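Here subunit A shows up in two complexes: once beside subunit B, once beside subunit C.
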Partner chain A sequence: MTIETSMLSLRKVYFIYSLLITSLFLLFILDLFLGSVSLNAADVWKALFSGADGHLETIIFKFRLPKAITALVVGIGLSLSGLQMQTVFRNPMAGPDVMGITSGASLGVAFVILGFSSDLSPDVLKGFGNWILVAASWAGAGAIMAVILFISARIKDIMTILILGIMLSSGISALVIIMQYFSSESLLKAYVIWTMGSLGNLTSDQLIVLVISVAAGIILSFASSKMLNALLLGENYAGSIGLNVKFARIVIFSCTSILAGSVTAFCGPVGFIGIAVPHIARIIFRSSDHKILIPATVFLGGSVMLISDIISQLPGSGKVLPLNAVTSLIGIPVVVLVILRNRKYSGIY
Partner chain B sequence: MGTNEKIVTIDALDIGYKTGRSEKVILSGLAATALKSELIAVIGRNGAGKSTLLRTILGIQPSLGGKIMYEGRDISDYSRIELARKAGYISTEHVRAANMSVYDLVALGRFPYTSWTGRIDRDNHLKIVESIKDAGMESMSSRYVGELSDGERQRAMIARLLSQDTGLMIMDEPTAFLDIGSKFEILHLLNNLAKTGGKTIIFSTHDLQMAIGQADKIWLLTDKKLIEGAPEDLMIQGEFEHIFDSSTVKYNSDHGTFSFRSDEKGGIFIEGEGILRHWTEKAIDRIGYTVSKDKTDPYIIVPSGNRKNWCLVKNKMTMEFSSIFDLISRINNR
Partner chain C sequence: MKNIILPVSVISKCLTACVSLIILLFLSCQGRNTQNNIDQISESQVIKLARGLSIEKHDNYSVVTVKNPWQGAEDISMVYYLVRKGSVNPLGIDSGQVIFVPLTGIICMSTTHIGMISALGEGNTIKGLSGTDFIYSPEIIKRVEKGLIDEVGYETNLNKELIIRISPDLVMIYGIGSESAGHVNKIRDLGISVMFNADYLETDPLAKAEWIKLFGALYCKEEMADSIFHAEVAEYNQIREFVIKNSDERPEVLLGLPFKDTWFISPGNSFVSKLIEDAGGNYLWKNTSSAFSMPYSLESVYIAALDADFWLNIGTVKSSEEISIVDKRLTDLKCFRDRNLYNNNNRITSRGGNDYWESGALRPHIILKDVAAILHPDIYPGYELFYYQRIN
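Take a look at the complex of A and B:
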């Protein structure tokens, strides 16, 4: 057979996967070492396997390990939701933060934190409270998704939809500001801290909720890769090759809402990871096949978020940068690169 | 065409758009048949409903009434996947994914045949490779769709359609935006697919001359109805003039060409034979004169025998020209 096939290059794909997994693993370990208190390898090893209960163990198990796991899960969740949105909207600039999905989730969270009860501030949230928070966030994200779906069924022009998404998120921000105005000082503080984005404020119960939700989202993403591939052709073609476009949209949008909503509920609106990581995956693999891109996005999303976390700790300095500032500085150059390349090709997603 | 197997039959079909509760009917009461191995050109003015008709036949746009039968069974009896195995589609919309290789694009044609994971097994792979080859794209299977020329991209789209393995192929203006060479290559490919591959192809086009020359059948969409027939029959019945004749454009049913009415400047008689006469006639036609059967005042003598030059006889004076260009310039300047 003379024709070069994607089957042959599969070996190359697996090779790059193994590199990505290795670097993900190394970054995860590095994230355990680095922080306001510098630890060496022997300390971490002792803490992980000695079973003792000292100062060192507290740092590792109560702070560093949960935070590293959170970073991993947040990176994966945001990146996958970005990948899905870029494909469904056929727009390289789509992402949970751009289209207003994160704002929708914020509104849900604002209702819970500011609106209902003083017992439900993030520090006190326990047990079912976490699920209420995350469900409110899903509902907010899902509601915005539904609005955008409704609009995009009538307006085909993707730029118009993007602009409407921006308008929508500005409108929601305005609502949240009004809610802030009428809420008490302590709740307001809790909410403002939440909006800065953080990986380190999760209780172990919250972490479990987050991991379960994102795991569900990952499984759903893998299951929808065939549908996503068909949607690359646009809806008319996707329909003509036998895709149930309505069903596909519902599955993928639910998946996106779960992923972006859960992350936003616990870690605040984290910017630019959702747009940038799928593009890094595309640049590395030069492929549009979601069977290749979804695992790639999972590995890269985790890695990029771990890097962001390591940088935001300013290792050895004792100071911590806001997470959102770091993810923006990492994500924006990628987005700019994509915009510049986009002028050359007709589209890059 | 060996068989008269009916692939698609439409009957009393109403097409148009549904928005909310209101319906906008574009055409109604359409009836036509597509047989196996037929190459059918859908012709009509802009906005006549060509694309709507194609999408309705394909089942991706709901009809507003009437019947569409695929191989004798009503279209509504087919599942989405069954339908995708019967009919494939190329629209005027470009596939914009720049990181998609030709192989990946063609692989999407296997959508109705793969499991929910979309895994391409050996059989699917072989079908993809065969489709790429049949569309003449074997040297380009690892190229990216966004980097192809218009003609190559159309071939890639046809390869995708081939891998979808449908008896019916529906294409919306497959030769629009192509240069003349690619246009004929694509048309040649379609002809081959119909004649040797047994495919039924329904395509819309604005290129009337091409449609008349290549199609087995024409579906002509006029203001109210669909007229079905062999191109020559429609020509004889004057159906083309019917829709294309307007105040500025005149359709010449002898040649299958268009000319601008305002340019008709008079007749010129041409004396001579053969290929030189043919091209002299063309030139005269191009600048807005008709070829007269009577000897008019200015007339042209085409080179023959020892004479290498064109002669223009005007007011009993004879002028000689070494090329049609010089001759035409003179006539234009009077």
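Take a look at the complex of A and C:
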């Protein structure tokens, strides 16, 4: 395997970047216009740029704008962590959830919704949708991250870490299943709905925390692009050209934990975006160079998530689809494509 | 990098996602209600309002039919023959469908059945319950504490060995769905009679209360059950007519609480929608029809509810701060600003038992009077709410 800077010329790369940025911007605006309540486009425009009366302003600024920003940030965060995991584990099917970070977060949430609540219910329920869930989810993701970092500082072989990560993840899922088994219908429903993911429930404080976390993750990702490129050559080779492999792993794992952990904490385990988007980026740019892929993943991740959000709102219908179903249905064709084209695709991967 | 390690988990996630999407699409498209033909009410039939129940009286036995006993069931009828203990089975009947009455021991899978059994003075025949934590009735709680009533678990988690040890005359269950039939068959295999109860699917408050007649038949206390039901009907109708006559306003009512950004809305053909209509209220989604709660976006509910006058049945909320914790944007609603917030958790235990679900099933007139007094405080001056309380 070799790093291949894009087969496209630099000018073409910048041209595609500008197309992606434009579409990202347009999708962001479109997400404000299209919601489950149909609003007059002219009214939305007026509300955005010159203010409007109470209801419309509330819908735009309290519902749709925070949701669109969340979608953007979540898409970027998950896609970047997916890209990193695929490179570090040298596995095209890796995603943010491969290290058990997502299941760690799920365990935290399951404790709050299913575990504690069954004894203390229903008073604990009042914390739903707020900091209690976020804190629990973060604690769960953080605990798993600590375990993974501990393992990766001691174990040399990356495949062993991958297998341990998957085992850890399955073990945690088993614990969650036990909790689900012993919980009442209404709590089970609350938990299941959490696992379906949602973008529209963040308070402004939470949104700020999420944006800061993901921004930190993005900066860390750009900073680690050289390490990621070196890791593409295989850890042994990367070590031989002077990369401190364990240090690189710790940086990258921390980055992924911050990205995937905070996204899952606020929005639930949003699936498939993290696996699919890096592949879309590689296919478009025909490159495995992270200096090209990281910005591409940022733009594409945001766009795909905005599209998913627009679809999940079933514009005009008043009803909604669960976010995870939509992201999966968008992600599945990409994953299938990758599996089917694996031989051809490996040329650029 | 050619080794693909995770496809199985990926495929299973794909499948889960597809299935959940299909289910949701199916649910959201369900506009049909279980409208069955109940037009032909013959004289020999005892049931007038309940859609899911019919009881036919014969000389030595009665035939009970429970129709469509779970959400989404269509054209399913469960037939039971209630035969007096000591008499001979009527000819040509599958003995597996025979229940000998009066019952002396019963296991109930829902706490709503406690209220009806207790109303007939047969509370001491309850030998096992599912969800003993959620009982409200102090007498029944006492019996649980004394060890006279066992916790039998629920669904696939049923403690079958315990059920054999109790060996009741009947296990009364309510169906979540046909998939739960598996554990039902298992109990039947043990030689214990199982009966589906579908009272929770009734969309009319009085129809739900009419299920007392089923217990009347099971305990051979038909007359007592009839008189309880008729008194209930009379009181309910009297309140409804009084409210309609003495009030002009039809205040708008919002129900429930969102989870994240999805608000599961009770459809217009639901129990609670009918109740609000009878109490002189205008339920915001009264014109919808569905067999299930409908997933609406928070945004659309917010818009619809901006000027709602009252907000009822607000999850398990006990104070208005809890609502603002769930979602701060909800505090902008008019009903929140006016503190016109009422919840049906006035009579609850520390563990979560709520009398609204227990005795309320049999006493819809009290629920109706509560809601009427909330929506029209001037027509019931000084009335003290029973199942409901104001949320401050």
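Worth a mention:
We take it that the second predicted complex is superposed on the first by the 251 of 349 C-alpha atoms of A that agree within 3 Å, B and C clash if a C-alpha of one lies under 4 Å from a C-alpha of the other, contacts with A are read in each partner's own complex, and residues count from 1 in each chain.
By our rule, a residue touches a chain if its C-beta (ideal position, glycine included) is under 8 Å from a C-beta of that chain, and two chains touch if they have at least 3 such contacts.
All figures in this text were calculated on a predicted structure; none of them were measured in a lab.
By the touch criterion defined above, A:Arg286 reaches subunit B but does not reach subunit C.
Looking at the shared chain after the overlay, A:Ser225 reaches subunit B, while subunit C stays out of its contact range. Of the two partner chains placed around the shared chain by superposition, subunit B is the only one that A:Leu233 touches, whereas subunit C remains out of contact.
Legend: residue contacts after superposition of the two complexes on their common chain; A:Ile339 is shown touching subunit C, with no touch to subunit B. Residue contacts after overlaying the shared chain place A:Asn40 against neither subunit B nor subunit C. When the two complexes are overlaid on their common chain A, residue A:Arg90 makes contact with subunit B and with subunit C alike.
Contacts of A:Ser328 after superposition: subunit C is touched, whereas subunit B is not reached.
Put simply, more of the residues of subunit A are touched by C, taking subunit B and subunit C as the two choices.
Comparing which residues of subunit A touch subunit B with which touch subunit C, the overlap comprises 1, 90, 346, 349.
Of all residues in subunit C, only 1-7, 10, 13-14, 17-18, 20-21, 24-25, 28, 131, 157, 176, 259-262, 294-300, 302-303, 306, 315-318, 322, 325-329, 332, 351-352 touch subunit A in the complex they form. Those residues of subunit A lying in contact with subunit C across their complex are 1, 35-37, 55, 58-59, 62-64, 67, 90-94, 98, 121-123, 125-130, 162, 166, 181-182, 184-185, 190, 193-194, 196, 198-201, 203, 268, 271-272, 275, 313, 318-322, 324-326, 328-329, 332, 335, 339, 342-343, 346, 349. Subunit B makes touch with subunit A in their complex at residues 55, 58, 60, 80-81, 83-85, 87-89, 91, 93-101, 103-104, 107-109, 111-112, 114, 116-120, 125, 128-129, 132-133, 138, 141-142, 144, 146-147, 164. Across the complex, subunit B is touched by residues 1-7, 90, 223, 225-226, 229-230, 232-234, 236-237, 239-244, 282, 285-289, 291, 345-349 of subunit A.
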